[in-house]
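Two complexes come next, and they have one chain in common, chain A, joined by chain B in the first and chain C in the second.
What follows is the complex of A and B.
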């Protein structure tokens, strides 16, 4: 069991190797997708391997010639990897219309790599509109066609249904893992938890499901650290750099629930298997949220965080702000006021994927935990 | 008699406080040279000499500040936010807000009952609004940083420094000098720039009286006055502004050395 866990951690640490191995073994196509919402099921049904392109901790050198310094570290890293050949094994790229940074990176990308297949997934901003559902089905049908051309495989309804089932199992297993994290935070270190989720974005999902189902019963008895003194809900785009989670562990805290884009936000909301496949995927997109990147005039994130805090007996909320993510920054004042009103402590912590000096992060986390511990005691 | 020590290892200076029985300050030392240059050892040695005690007589040592993790002589480390809260409450029990302006960061801390930290905000990584900003500006003006307050007090107006970035602000100061603006007015503008930066962050917390200003920059009355004007509230500078964090660490050390108190 230890070896299954070790292997998942290795996949997360060097995904390129895993993806290259898969490609050599199967001869299949690799399709990379950018944050945040992409119906991986369709890629899977086309026999391709969906892999997440969510940046990383690379040094930014080449990308600065094309992107301004105040673009978020995720798109800068994606472009850097693209330019230095890290994505050489990726056969096609999907750019969702998540935010200005990603949309404009898509255009820069098209100029830099005119011959690499690319699909722009332009979502409807207004999901309440009657037209949204039909538009989404049409959009996904276009994606099917693009993938059929790329892979040379027919995406049949049966294949789509099969992939949807596998992905629903995947989401259910992750939900079990999340439940374990809340019940027994001592089963996994913070970085291990983050890396398991990350590994799932590079492995074929039926295979990942097999490994995680084997791992779960073993994790129920595993103990790698003392029970945390402080329980936190973390929200934001992603919990990177992973050292932040290591610092949190070291200080006696633990994440017991998350509202991360690269986490709970893309892993909640199962697909309704009784609907026709593309209609079902469109339906799921309409049910996603709350999320800073999905238009929602009701701004439900504060209430959602309060619910997570209550459900998981958390002591406070950690807002991991991906620097220069305007969408997240505009959400913050609203949820801050709501959490303050509810008496839930909140820490705003700014992070970037390429971050070498973590002293200031440590100071803020330590002070926040000290505040929470006093609160817990008194 | 229980002796405890607090050491605050900042980016520019090291501070050491020796406390007797959790209430009497026996020695307080601020030494140039923070994490590098042996500032910590020097501050500790000087404080021990001033108090007339030996290291072995100290029951417990708590370290704080950026260098806290590497300071091997400490029994424990605490964040500077907790320590500043504790120090401020000791120096002025009515304090509800602490504005600490250090060498490389500034923080605004809200205190609840018993000096408990209830909330805090800190500046971003950039040096605007910190002691380092003042040092760079002083250098551009060719005056020691310790003279800025006095020079600024002779100002008849304020030259606006609009750049937030320290490097750009330095060029701005140089252009003002080249345009033959009065040095005193430029200094007043520099103080105003720091105050504006800090006030912007402080307003994220609901401010309450009484407000204490601590840290090295608290010794500059020009900055403190500009801050009072901007926030429309009185500012108090305690007896040990720069060693407030070290004092808080020594107070923590006392609690640790005598459990149950």
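What follows is the complex of A and C.
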């Protein structure tokens, strides 16, 4: 069992190797997608391996010639990796309309790599419109066609249904893992949890499901650390750099629930298997949220966080802000006021993927945990 | 200038009317809506709704040098400094009540169109939350290709149809289709006059500078669809034509004709104007002011509106942005380009470096300058950097003679 866990951690640490191996073994195509919402089921049904391209902690050199320093570190890293050849095993790229940063990077990318297949997944932002559903189905049909051309395989309704089932299982298993994390935080370290989720973004999902279902019963009994003194809900785009989670562990805290884009946000909401597949995928997209990247005039994220805090008996909320991510930064003042009013402690912590000095992060986390611990004791 | 021209006078009156009418309005008859800068106001005007534009107000706040103070007020409550400065000064003005025009009247509802950025979507979400008023989002999907796909236009058109009952609901008024058509035609005529005005700068020497157009533009943004705005551009065009006929030059001895790619630096317009004039350089056009040229087809009104509002340049692919620059280079016989790498406006400036690289590689390669700035927040702008870059840019221009006059 230890070896399954070890293997997942290795995949997360060096995904390129895993992906290259998969490609050699199967001869299949690899399709990379940028954050946040991409119907991986369709890619899977085309026999390709969906992999997430969410940047990473590389030094930015080449990308600076194309993107200003106030672009977020995710798109800068993606461009850097693209330029230095890290994505050489990726056969096709999907750019969703998540934010202006990605949207504009998609066009820069097109100019730099005109011969590398790319699909622009421009979502309907107005999901309230009656026309959004039709638009989405059209969009996904276009994605099917693009994938069929890329892979030379037909995406049949049967294959789609099969992939949807596998992905629903995947989401259900992750939900179990999440519940374990909340019930028994001592089963896994913070970085381990983050890395398991990350590994799932690079492995073929049926394979990942097999591994995780074997792992879960073992984790139920595993104990790698004492019960945390402080329980936190973390919210943001992603919990990177992963060292932040390690620091949190060291300080005696634990994440017991998350509202991360690279986490709970994309892993919730199963696809309705009774609907025709593409309609079902469109339907799921219409039900997603709350998320800073999905239009929501009711600003439901604050209420959602309060609910998470209550459900998971958390002591506070950690807002991990990806520097320059305006979408997230807009939600912060609203959340701040709402959580203050509800008496829930909140820490705003700014991170960047290419961050090396974490002294500041440690100091601020430590101060926050101290305050919380006093609150917990008294 | 000793005596104020008729058009200038008229503009002052219009601006006054624009800010004060909503404050005095009987909200039952004339509800007030806050709108993103290129939203389909024709629907609102047809229902006697008075629109207000926080971005336009933000520009004024910038020009009157109140940007830092108001931005800081927003930062105090948690708005990050990375967020577009129009947003921060708007939130700051809401929180403090400070503004060069005594603030914007409180909105009864909000209308947001994301044809300029995703920032406005988040901004209006927060406004809706703050004021607890309804918000309509018109989503115009970004076009990554050379042509806007039909299914995108179907979706946008459907939303415009949904906008009508939504408006009826929030205003409690009936939508009058005939009236709407009339307003749309006034809007179309105004747009076309606005284009005529901008194109007068093709004359050599140009009778005005792009700095002037940054003032001229206010009614096309804020009062599009009203007879008053139409009248203003009629007057303005007439006056400018007289200047052309008289061979009047905005910059005496115009030597270099430049393009401004970006939003103005509202708080530094005057020193820039002076600096440019010193080197006999004139900004004769900008990609910014062109954004408000909207064309509608009376026989296919909603469809053509869907198209016009989606086709806003900032909502288009880099290829189309490049094509537009090339076209302007030719039509206005330009000698150089100034790109504003604007800390606030990500969609306008991510891709600028590549745009510039493409221009250099193309057949019409001309001198360019890129500077770091911000439209409203002077903390993200350095005059020293700007001046130095401009001077070396002018040197490049001098070296790349023959100057324009001799070229033809």
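To be clear about the criterion, the second predicted complex is superposed on the first by the 378 of 378 C-alpha atoms of A that agree within 3 Å, B and C clash if a C-alpha of one lies under 4 Å from a C-alpha of the other, contacts with A are read in each partner's own complex, and residues count from 1 in each chain.
What we mean here is this: a contact is a pair of C-beta atoms (placed from the backbone, for glycine too) under 8 Å apart; a residue touches a chain by one contact, two chains touch by 3 or more.
A quick note: this is a predicted structure, and the numbers were derived from the prediction, not measured.
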In the overlaid three-chain picture, which partner chain does A:97 touch, first (chain B) or second (chain C), both, or neither?
second
State whether chain B or chain C is in contact with more residues of chain A in the superposed arrangement.
C
Touch check for A:359: first (chain B), second (chain C), both, or neither?
first
Given the touch rule stated above, what does A:242 touch, chain B (first), chain C (second), both, or neither?
neither
Identify the partner contact of A:342: answer first if only chain B is touched, second if only chain C is, both if each is, neither if none is.
neither
So in the superposed three-chain picture, is A:367 touching just chain B, just chain C, both, or none of them (first/second/both/neither)?
first
Name the contact category of A:150: first (chain B only), second (chain C only), both, or neither.
neither
Pick one for A:288: touches chain B only (first), chain C only (second), both, or neither.
neither
Applying the document's definition of touch, where does A:334 land relative to chain B and chain C: first, second, both, or neither?
second
From the superposed pair, tell me which chain A residues show up as contacts to chain B and also as contacts to chain C.
348
Flag every residue of chain A that touches chain B in the complex, lowest number first.
345, 348, 350, 357, 359-360, 362-364, 366-367, 370-371, 374, 378
Can you name the residues of chain A that touch chain C in the complex?
65-68, 70-71, 97, 99-101, 103-108, 110-112, 120, 122-126, 128-132, 134-135, 138-139, 292, 295-299, 321, 323-324, 326-327, 329-334, 336-337, 348
Of chain C, residues touching chain A in the complex
77-80, 82-84, 114, 117-119, 121-126, 128-129, 134-135, 137-139, 141-142, 144, 151-152, 154-155, 158-159, 162, 317-319, 341, 343, 346-347, 349-354, 358
Touching chain A in the complex, chain B uses residues 66, 69, 78-82, 105, 116-122, 124-125
